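Take a look at these structures.
There are two complexes below, and they share subunit A, which is joined by subunit B in the first and by subunit C in the second.
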Partner chain A sequence: MTTRQLMNSLGVAMAMCLAAGGAANAKALVYCLEGSPENFNPALTTTNTSLDASRHVFDQLVEFERGTTNLIPGLAESWEFSDGGKTVTFHLRKGVKFGAVKDFTPTRDFNADDVLFSFNRQLKPDHPYHMVTGGKFDTFNDMDMGKIIQSIEKKDDSTVVFHLSEPNAPFMANLAMDFASIGSAEYADALTKKGTPEQIDQVPVGTGPYSFVAYQKDTVIRFKARPDYFRGKPAIDDYIISIVPDPTVRFAKLKAGECTLMGFPRPSDLPEMEKDKSLQVMHQPGLNIAYWTFNEQKKPFDDVRVRRALIMAIDKAAIIRDVYGNTGQAAKNPIPPTIWSYNDTVKDYPYDPEKSKTLLKEAGVTTPLDIDLWYMPVQRPYNPNPKRIGEMMQADLSKIGVNAKLVTYEWGEYRKRLQQGEAMTGQLGWTGDNGDPDNFFFLLGCNAARDGGQNIARFCDKTYEDKLQKARQSTDKEERAQLYEDMQTIAHDQAVWFTIAHSVVYEIAKSNLTGYKISPLGRHEFAGADLK
Partner chain B sequence: MAADITLAAPIGTASQPSSFAEFWASFRENKGAVAGLVVLSLIVFVAIFADVLAPHSPLEQFRDAVKLPPAWYEGGNWAFPLGTDALGRDMLSRIMHGARYSLFIGLSVMAVSIVCGVALGLLAAFAGGWIDSAISRVMDLIVAIPSLVLAILIIAILQNPSLEKTIAAVTIVSLPRYVRLVRASALSEMGKDYVIAAKVAGVGSLRLMLRTVLPNCLAPVIVQAALGVSDAILEAAALGFLGLGAQPPTPEWGAMVGDGREFIRSEPWIVTLPGLAILVTVISINLFGDGLRDALDPKLKRS
Partner chain C sequence: MIRFLIRRIALTLPTFVALMFVTFVAIRLVPGDPVEVRVGEHGISPERLAEFRHQLGLDQPVWKQFADYVWRLFHGDFGTSVVTNQKVLTEFFTLFPATLELAFCALIFAIGIGIPAGAVAAVKRGSTYDHMLMGMSLTGYSMPIFWWGLLLVMFFSERLGWTPVSGRIDLIQYYFEPVTGFMLIDALLSDQPGAFWSALSHLALPAIVLGTIPLAIIARMTRSSMLEVLNEDYVRTAKAKGLAPWRVIGLHALRNALIPVITIIGLQVGGLMGGAVLTEYIFAWPGVGHWLIDAISRRDYPALQGGIMLISSIVIIVNLFVDVLYGTVNPRIRHGR
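Right after this comes the complex of A and B.
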């Protein structure tokens, strides 16, 4: 499909964009997004859906290389650690310009003040912009950044020093996450003068490849390419987000040429998509894990033999085949194979109902044993159908004399009750945020095993915990990898989780999109892409 | 005293066999109603003997026969005449056992609503005053909220959805129809001469309620009950579809449609067959109920 046809199908929307762009043959890309953004500040949202809407406006000090989890310099040209890893000095890039929006034209280049503004806004409760738009900096707080960062100091206009309370290996990867995006301090001052500070999170200004044009609520968001972007003007002139919550409608729009790219297709639509010559089906192993876990504070799950017995009773291959189809691979470790330090020598438990009956007998469990099995009420990126998986587990468990009662609650309530430790066994999963193994392993740490914590197995093993803390404070990647490999062996031996699968993320594009890369972090980035 | 009894019960016990014959004669004329009755009897038969008739257990998962189409299509297997669902369970066996749940829900909702509805309706009609107002207003309140929304609300309050809670929710939702019907017909009967005569003869109020007035209000209640069964089945199926009814792996029709809807394009029988089962059951009950009304309502009978 040519750009011209695409424009025709977009009709009025495109015409308005062209008028704004002023170019006769501007290239436009329409991304069909699955939901509306809450706001346009990456520090105030946690879902990729909202982050996709503001991501292209901003840069971070360090960034993930597109399509990978490797760190590359962003707004900081270089950095060095000193004081045993407790001080980080960033040397900022010079001559980087902010993009303009309708009511604000930047007059100065990016400098250290902008870094201080962006971090102090989240760090300091008395910062004038802290409480604007509610002050809920969830990611910043969940990552413990408030405790890790003691203070931030401006040496000169292009040097910033972060003082940390202790050495922290995942710190640099954290800084590449969206919440660490750098906004404009000059813009904030201008808004304060005008008396409309809340605009900062609705009309975003940053140094990124695109600048914000307009948002029509629940319908469309428009961006235009910046010729003065520090990495050079992106090939696609107009970047448009069309908000389409229903996967079937997204597919229909993609076929009709009203979208260039869509995410989250229905697995059952994939065969049809693959047959269509005008589409390209892209996929990549997701940075995630789906698991079923046992609450070790409840009998009889305190006995490792019982946990192993239940794990061996479930036919994992059938779950992968019948529920995930092509969209998942069986998991044997708590981290996906795409993350460094993945321990491939771990051998998964076999499907062996006979062995599992013997183990139950050895553990002194009398059958029939009644347990509850919680399943999520909603589809998750790592789990296309928790209910169906629950039903398969229920059938497999009945063969070894375990009666599982299926239980579920509304999604928010489900997580709350699960984290309070109400379930005997339950399904859940995790999607990584920054590609660092710590981002997965903390799920089995003692800290998270408190009531309300994310460690719903309530697993707290001293050897595991020591290694977790040691790996967090070490900056030697090889040493960390070794520690993480050991921790995977411990998790396997202790039968903490029945690791179900790592799902494969699918994205479907028109065949004329080139140079686009699926991000393992679930981001949608178009700065290096082009249209044929 | 014999004269009193005749006054109190115009539909005398002696005349009942002939009235049933009369009813049957007029019911038989309605071809649709008879067809409905035949199909309904068949469904009831299947539901009662599902254990014997079903080729497989409704819960057994045949992992090497997942999403098989019905036997007469390519790739089908006569071991699974209507195919299998996403977990390899036999569709025919699940639908047969599902008939059991649907009819059980329909009949229990009907039974409970009749008992409660008649009791509350008669009480309102006889007691009058503030009791009448209270009962009537509560019923108005229930009617004011869309029935499915109210049912969802009740399930949400009761927490942990299950078959019993579905029955409770649907019963509460359908109660006002019975209460209003009984109250209205009891009030109109109470003004009639035979009731006054019975009162004059010194009949106690409980006997007046149950032996004198009630039998003469029953015809519309029976019709309402027959039609109410199909409403109850539909509402329970809607709750099941939303995941608020019977919990997995129970083969309830509404839940089967809900679980199968993602296959509507690729494996349509998984969602279509339980839907058809609901359709056929509800239509046959409605046809039967219509015939019942025509046969029992003297005004319609003579026209």
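Right after this comes the complex of A and C.
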């Protein structure tokens, strides 16, 4: 036993002598979070760091099954579509209770008023809570919810109807996202009476498995398990988030037992983590894609042979090995394998510089060919070193007579110009929001191919577009899966992107943590976990 | 004395104004702005971009933004964080006790070891001890704080298990509402057995890391100041009178040698604030340094401006206090002779 452990043990022994018996047996889990939350309202933040801070307080109407992107009933126990998919009627669970906080104890169960409050706050600019805490509902707007939802109607305390502007299958997956968390209308009213409405986003109240206890800024967030949670009391009594920005320090805390789980390890620490028997290393491909795209509105990239030629000129394996290491998996489709409808039958283009030269000749391209190659100035979740990847690509392209000029701008400027269609070729990527394939495939849709849109390739193919729209309006998952598989084949055949990689997400935990599942959506959820 | 004080205060005002301007401009020279940083691959519609920039006043000319900022500042409004929507002043003073506690303990560490070490080095000038001490002091001064901190964590926390890795207290064993914001005091007030020891053990490594550079500077300054003083006639007289060595060194020599050291200690406050930024990051210490790093990456202009102005004000005030103290201790300074 080390000196610190001995001293801690003595301190613990003294504390336990004075504590009640029940409290001394409480299980506590410490999650080391990499940053501080902006607030405690999932609707007002877009970073996973902030979402992790408040997630366990809330539920949504529908939820992602832990560790997957599959949708399961949440606060809505069932739902049905009508009016050609434009109306969704949710039947709410009865007897679901809200948690209590220091200055508020709920007096009623969850009902339709809470759903209306949570959505109308974001939907209606004249809602009394719309501008509380700044009114920046970024995710609600990014997912076009304001355009999709026409209105929300309360039929009775247990029934809510969403009227949509058009059928929209991904809408259900959107409702499982954190921004769609259900807050307490009763709490909002109480805070309005007290004259402190902004507290709603600082001291959260929800129906989730844990209730908020306290936040000490930049230090720790504490939660207590709720015995009256509708899915049953979580096994872990005390959930503590410790804020630790540096990954080396997070690893040190994990080894010392001061953390139970951490994310975002330093890649260079992974080998040591894997050897340590007191730890378990979990990983899976992230819900993201890094790609290099060609602007089809600029010659010679309007010719599919040229696009294929450049794709086959790049040594993808070398990029994965030298830049990603064990934090990346080579990509062949626009979606990662963790999303349903992934088409594994698609065969990636091989690395074949000789074939590249042949294709360029067939396309009538004379070399040397001068192009630009835009690379991102910042690291992204899907791309750890865009500049290095750009340089490797440049070197590969030079072997087939293509001179790529490396170009970059400040990140905001880079995105803006790329989306305006200024680049001939450029790197970018995408991180999935809701696990629905549409959330990736829309990137190659005709609507996004406008100036300022996210379809950097300016790809607009009628067959692809028809399938995209059909999949969006269908509620038949099998039918949608087939459509998306077809779209992957089209994207491959049309060589719209050089798909680089999906980054691999690592999470490291103490070996006594059981029942925890890595979420492909980057969520850290402990309601089903336990400590043995 | 009053005239001296007024003169000193008058000199700080232009410093304050210049600082305001330089901070304001420097922050805006960093690429990106608060809205662009929040927007990821989703992009943002031109309408929403314009709306957000208008809300933050970024659509105004820079001179107008500065004028508005100065006007609000002189009314005590340091602005609202664009990230958390909390008042900058509130956030700062929530976190400042943690930085103050760390800086204070680092300074106690630096003074408590630096002055005696420097004095002994001067007395034993040319000895192995003197050379060793000056070598260590040079090393301490040259080491990057980040590297030094991680090294201590890896050795004392990981290898030996003598100290916790980071944070202010054992989060699993102890929970109490902050009263003063100073963990040592709050731990004592909590009456929870072991809490004070836990808080102290968490403070040890960060205080050592932060105090290392000031210790090196104070030790060297004390040594050179002592060397001058030890050659003075009054010290020779004290020795000749047969006074015990501790009286000669401690009461006569050191007291006079400390005058320039006081100034150096005052100057260290600025260094401690700067060093606290990195130390707090390594040790997950929830102080204003850590908060400012977050503000930079998020382009949280109000928090950055407000935080820098507040920290700089504190440094200016402390230096003013040191000047006054120096004047009190050394009448020649006070009377401008």
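Simple rule for what comes next: the second predicted complex is superposed on the first by the 510 of 532 C-alpha atoms of A that agree within 3 Å, B and C clash if a C-alpha of one lies under 4 Å from a C-alpha of the other, contacts with A are read in each partner's own complex, and residues count from 1 in each chain.
Following the convention adopted for this analysis, contacts are C-beta pairs under 8 Å (C-beta built on N, C-alpha and C of every residue); 3 or more make two chains touch, one makes a residue touch a chain.
Everything numeric here is computed off the predicted structure, so don't read it as measured data.
For the composite obtained by superposing both complexes on subunit A, the positions of subunit B and subunit C are free of clash and fit together.
Using the contact criterion defined above for the overlaid structures, shared-chain residue A:Gln419 touches subunit C, although it does not reach subunit B. When the two structures are aligned on the shared chain, A:Pro271 is found in touch with subunit B, with no touch to subunit C. When the shared chain is aligned, no partner comes close enough to touch A:Asn70: not subunit B, not subunit C. Note on subunit A: of its two partners subunit C and subunit B, the one contacting more of its residues is C.
In the superposition on chain A, A:Met392 makes contact with subunit B only, while subunit C stays out of contact range.
Once the two complexes are overlaid on the shared chain, A:Ala318 sits against subunit B while remaining clear of subunit C. Once both structures are overlaid on their shared chain A, subunit B and subunit C have a minimum Cα-Cα separation of 6 Å. Common to the subunit B and subunit C contact sets on subunit A is no residue at all. Subunit C meets subunit A in the complex at residues 31-33, 36-43, 45-46, 48, 52, 55, 83-85, 91, 94-95, 150, 153-154, 157-158, 160-168, 170-173, 175, 177-178, 192-194, 197-198, 201, 281-284, 286-287, 290-291, 293-294. By the touch rule above, subunit A contacts subunit C in their complex via residues 2-5, 7-8, 10-12, 14-15, 18, 28, 30, 35-36, 38-39, 46, 133-134, 136, 138, 141-142, 198, 201, 214, 216-220, 222, 238, 240, 242-246, 248-249, 252-253, 255-256, 258, 380, 410-413, 415-416, 419, 428-431, 452-454. Those residues of subunit A lying in contact with subunit B across their complex are 266, 268-269, 271-272, 315, 318, 321-322, 377, 387-388, 390-392, 394-395, 406-408.
Residues 59-61, 63, 66, 86-88, 160, 243, 247-249, 259, 262-263, 265-266 of subunit B are the ones touching subunit A in the complex.
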